[in-house]
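This report refers to the structure that appears directly beneath it.
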Amino acid sequence: MFADLGKYLGNAGTRAQIADHLVEHVYLSLLPIVFAVLLAVPLGWACHRYRPLRGALIGVANVVYTVPSLALFVIIPAVAGTQILWPGNVIIALTVYTTALLIRPVAEALDAVPDHVVAAATAMGYRPLPRFLTVELPLAVPVLAAGVRVGSVSNISLVSVGAIIGSGGLGVLFTDGFSRRYLAPILVGIVLTLALALVVDLLLVALRRALTPWTRAQGVSVA
Amino acid sequence: MIFVDVWVWLSDPENWSGAGGIPARVGQHLLYCLAATAFAALIAVPLGLYVGHTGRGGVVLVGGGNAIRALPTLGLVTVLYLVAGGGTVPVLIGLVVLAVPPILAGTYAGVQDVDRGVVDAASGMGMTDAQRLWQVELPNALPLLMGGVRNAMLQVVATASVAAYVGLGGLGRPLLDGLRVLDYGQLVGGALFVALLAVLLDLLLSVVQRLVVPRGLRLAPASAARRRVRRGVDDSSPQKLVATAGQPDSGGSRA
Amino acid sequence: MIEFRAVSKRFDDGTVAVDDLDLVVEAGTITVFVGPSGCGKTTSLRMINRMLDPTSGTVLVDGRDVLQVDPPRLRRGIGYVIQQAGLFPHRTVLDNVATVPLLSGWSKRDARARAAELLELVGLDGDMGRRYPVQLSGGQQQRVGVARALAADPPVLLMDEPFSAVDPVVREGLQDELLRLHAELGKTVVFVTHDIDEAVRIGEKVAVFRQGGVLAQYDRPAELLARPADDFVASFVGKDRGYRGLSFVDPAGIEVRGGATTRLGEPVSPSREWLLALDADERPRGWLPPGTSADGPLTEDLLVPGGSLYERGTAVRGALDSALSSPSGLGVVVEPTGRYAGVLRGAQVLDVIDRERAERG
Amino acid sequence: MKRTLAVVVSAAALLLSACGSSDSLGGGEDSGSGGGQIVVGSADFSENKILAEIYAGALRNAGLDATTKQNIGAREVVVTALQDGSLGVVPEYSGNLLTFFDKANELTTSEEVYAALGEKTPDGLTVLDKAEAEDKDVLVVTRETAATGIASIEDLAPRCGEFVIGAAGEWETRWKDELAELYGCTFKEFKATDAGGPITVDALKNGESQVANLFTTSADIAANDFVQLADPKNMYPAQNVVPLVRDAAVNDRGRAALNEVSAALTTENLAELVKRVDVDKETPADVAANFLQQNGI
């Protein structure tokens, strides 16, 4: 087993390919996170602000989140009219998932910002948009960060499925290993996927701590 | 247009009969999913109740659950297939393996989440350990437990489709076969069936959840939601990454 | 009777929660364990029904070592009420109350009938029984908690800070209710609180614990306030303990005198002293300041609101307060029916206190 | 907050640009005369990957910029990608390709197929020289099944109704009716597996299927002692390896290099290359480089 792994990883060309797949995997899984945050914040705000919208949006999000990834990967190009082989399909599909994942926590986090804080900001003369960006949104960051962490782990795992539709990423190691009955690439793929998930998670924790110094000072969570 | 192809595929009577027909595929998929989830529940619920009741092994359980959540399902099913040397049984075992953590986590979190005062009162009133578990902890754990089951079901529906890649039958078949020849009708039609099945099964389980969760617990959904938000924020909480419901904020694993 | 004999409790992390406790709780009394947090009062309570077992020493209930009794059986014979009531959220109020009878093998019908009886006993409507705990207020939940603890008619009732999560007004009502129930049922009640006012209000005997699980003083409330055993107890019972101790001074020596009164609706002529205005039912309504004159009949808008009313025969604390809070300096005494009985001066109360101190020597 | 926003935006931009540059599929789009990067695509099985690597290596050795895009899928996907500009070259098989372009095709011999292919290939695409190397579909059975007196599809035909066939999903649409027409063979059941991969082989080994559709260069046939069934009526057309190129993507220099590869490929050396990848676990790239070196391309 270890001899197999050694032989597999001993090839420079293979290592370079693995590195390429890893890079693909990173952007295929993390770009959707960036897009989803940009989408989920306004949508979550809309849910927070307009109650009737909330039920509809969150209901849609729940249903979308229920759709298995492999199905979504091929429904997206069908609906959007994009090429089946375009890597963007996976990015769109994962953006949809992650947005669905984040809308509700964002709305609930905004709900949880104490009224007196918002009132105080208004009283100090903040206009609505600056108030949202500088007061309400930062207070929602811890919840947003928790959602982003769940989304990143989930996306990193899901990108692999994309290999079935030829979208690249570490999943290629699974299809390659499978067709040749070769465990080494599959195991390397699994280990790298898990390691990537762990590293990204740690980075996100660090990022959240950097963005929310007040939660550290209090030593308690804000909700 | 693609939806015309889908319509053509759907309206071809040949696709509705025989071993490769849609009803057979749906039945197969349903059977795999229900059987895998039921088996997983048989393993995970007693174990989760034990860990939650005694408090022993919770850290291991949560850590293990997180690792499995990050596990790429395609990698898992290919490894299982190759190690076992083929056949559908190892793949079905894989489905069970993936369905165990969400249910385990949900059950454990459910029992852990029961108000300490309630558990204390149960003992203080003279309930035996078993009475406390069955009469108090289990009923109160049901919302989170059912959430775990719903997550597990979604996971299994999704993974069973992916497992068509290693030869499993069910609704992943038309999807993958359609993909190989870019038969959009079959490809997207198969995908739509997978999506529909997942949504319907989740709906079904949400109905089951309404039926089994005691009324007294359903009356206070607002406070539970608040608790969930708070829990999501707190890094140190053991429940932070475990399933809470079959919903986007659940953190359950998927494929 | 509950007896602690040289009981110590040391937790796994090494903290000593209870240190060599010797204490006897008399049957049929309300005994309060009070002290700051971490003083071992709750730990001591929980050793009675074996929610915890002592590290050393013996706890006896009615002369029987609790360690000899199977915990669930022991607990079914001891009522237990905790802070948030600990009601089962998945069961109706009625089924919550019926829990212990059912555990003890009653039929479902008997248990529910008994539960309905108890709901009435603690002052809850019968149809409350169909509700779920989340649909009740905090005070109602506590009443259900008490009913549940009493359901199997246990001779002993353990109450662990049962009223500390409800607001002060509701808390006072619950305390009164408890005293009424106790008078009616005569249970042995052990009551834990961190609130010294609550302790002296409801306790027949009060055990003050200090940090480290040491019993600092075990006495009747009056003694506790009058003669704290040491500085710790003195500071714990508070700066105004002298005043609060008046709750326990016998009021028999207070002489109630007749005062100058007038009547609402009747004409009034200026007087050099304060006049107490009464209504048609002889109830005090307020004071008329000296020198006030009225053209027509006396109306309420001319009156200065009165101070607290002292009900004849109750503790002298109320008597003194009525004098201190009255605009005229005269405390108004009423009969239990609320009818005006007379007035008193603060000095009279102080005399009574002095006399009692002299008698006690 | 402003600074945070800037960081997030620039990170997104960075990731987007990374996405663009590694998106090799778009590479050959506007290359016109073939001066840009040539993307060589491959289907998702080893032999095709090796061929893709050989083509890319030959193009590079001819001084062109070439890269590979592996695991794209079945023919329909690959050809679509070629036509929409995602790919520049793909290693193809003459018979299947002809049938793909001309559904009514009845030709099966090597020369006929190749000649017809030249005519039927759509505008914008060109088939270069065919290699001698052939990787035909072939029905195989286990040694035990063969021992019951089955050596060809004709022998099999009367008993098809007892057997389950395992083959890739597209086999059914392509060959089921043809097989019934030509040989009168209709299988009891069609089991969709993969294109000559582990699932097909394992299904045959463990009895889930009794007949499997594999490929003549497959290393699994010898390894499992499977028996290839003769195809006396030439149902499966000749499958010579041919480079299918998008005209705009490959210039004359590139074409010459690819033709050189075809001249050097034989069924035997191709089967050996496949074995080195599938059984000995060498990489397609290494095997390809080795091949090019040995043949001086």
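As written, the chains take the letters A, B, C and D, and residue 1 is the first residue of each chain.
Following the convention adopted for this analysis, a contact is a pair of C-beta atoms (placed from the backbone, for glycine too) under 8 Å apart; a residue touches a chain by one contact, two chains touch by 3 or more.
Remember, predicted model here, so these are calculated numbers, not experimental data.
S.K.: Listed by label, which chains are in contact with chain B and with chain C?
M.R.: Touching chain B and chain C alike: no chains returned.
S.K.: Pick the pair with more C-beta contacts: A-D or A-B?
M.R.: Between A-D and A-B, the larger count of C-beta pairs in contact belongs to A-B.
S.K.: Would you mind pulling out the distance in Å between where the CA atoms of chain A average out and where those of chain C do?
M.R.: 57
S.K.: Need the CA-centroid distance for the pair chain A / chain D, whole Å please.
M.R.: Chain A and chain D have C-alpha centres separated by 35 Å.
S.K.: Round to the nearest whole Å and give the separation of the Cα centres of chain A and chain B.
M.R.: 20
S.K.: How big is the gap, in whole Å, between where the Cα atoms of chain C centre and where those of chain D centre?
M.R.: Averaging C-alpha atoms per chain gives centres 89 Å apart.
S.K.: Show the residues in chain B shared as contacts by 2 or more other chains, in ascending order.
M.R.: 81-82, 166, 176, 179, 182
S.K.: In chain C, which residues are in touch with two or more of the other chains?
M.R.: Chain C, residues with two or more chain partners: not present.
S.K.: Could you list which residues of chain A touch at least two other chains?
M.R.: Residues 84, 163, 165, 175, 178, 181 of chain A touch two or more partner chains.
S.K.: Touching chain A in the complex: which residues of chain B?
M.R.: Residues 2-3, 6, 66-67, 69-76, 78-79, 81-83, 154, 157-158, 161-162, 165-166, 172, 175-176, 179, 182, 184, 187-188, 190-192, 194-195, 198-199, 202, 225-226, 229-230, 232-235, 240-241, 246-249, 251, 253-255 of chain B touch chain A in their complex.
S.K.: For the complex, give me every residue of chain B touching chain C.
M.R.: Listed in rising order, the residues are 115, 117-118, 120-128, 131, 136, 139-140, 214-217, 219-220.
S.K.: Contact residues on chain D for chain B in the complex?
M.R.: 73-77, 80, 168-170, 172-173, 189-190, 192-195, 198-199, 202-203, 205-206, 208
S.K.: Help me check something: in the complex, which residues belonging to chain D touch chain A?
M.R.: 1, 4, 8, 11-12, 15-16, 18-19, 22-23, 25, 44-46, 70-73, 77, 80-81, 84, 86, 194, 197-198, 277-278, 281, 283, 285-286
S.K.: Across the complex, what residues on chain B touch chain D?
M.R.: 19-20, 81-82, 85-87, 166-167, 173, 176-183
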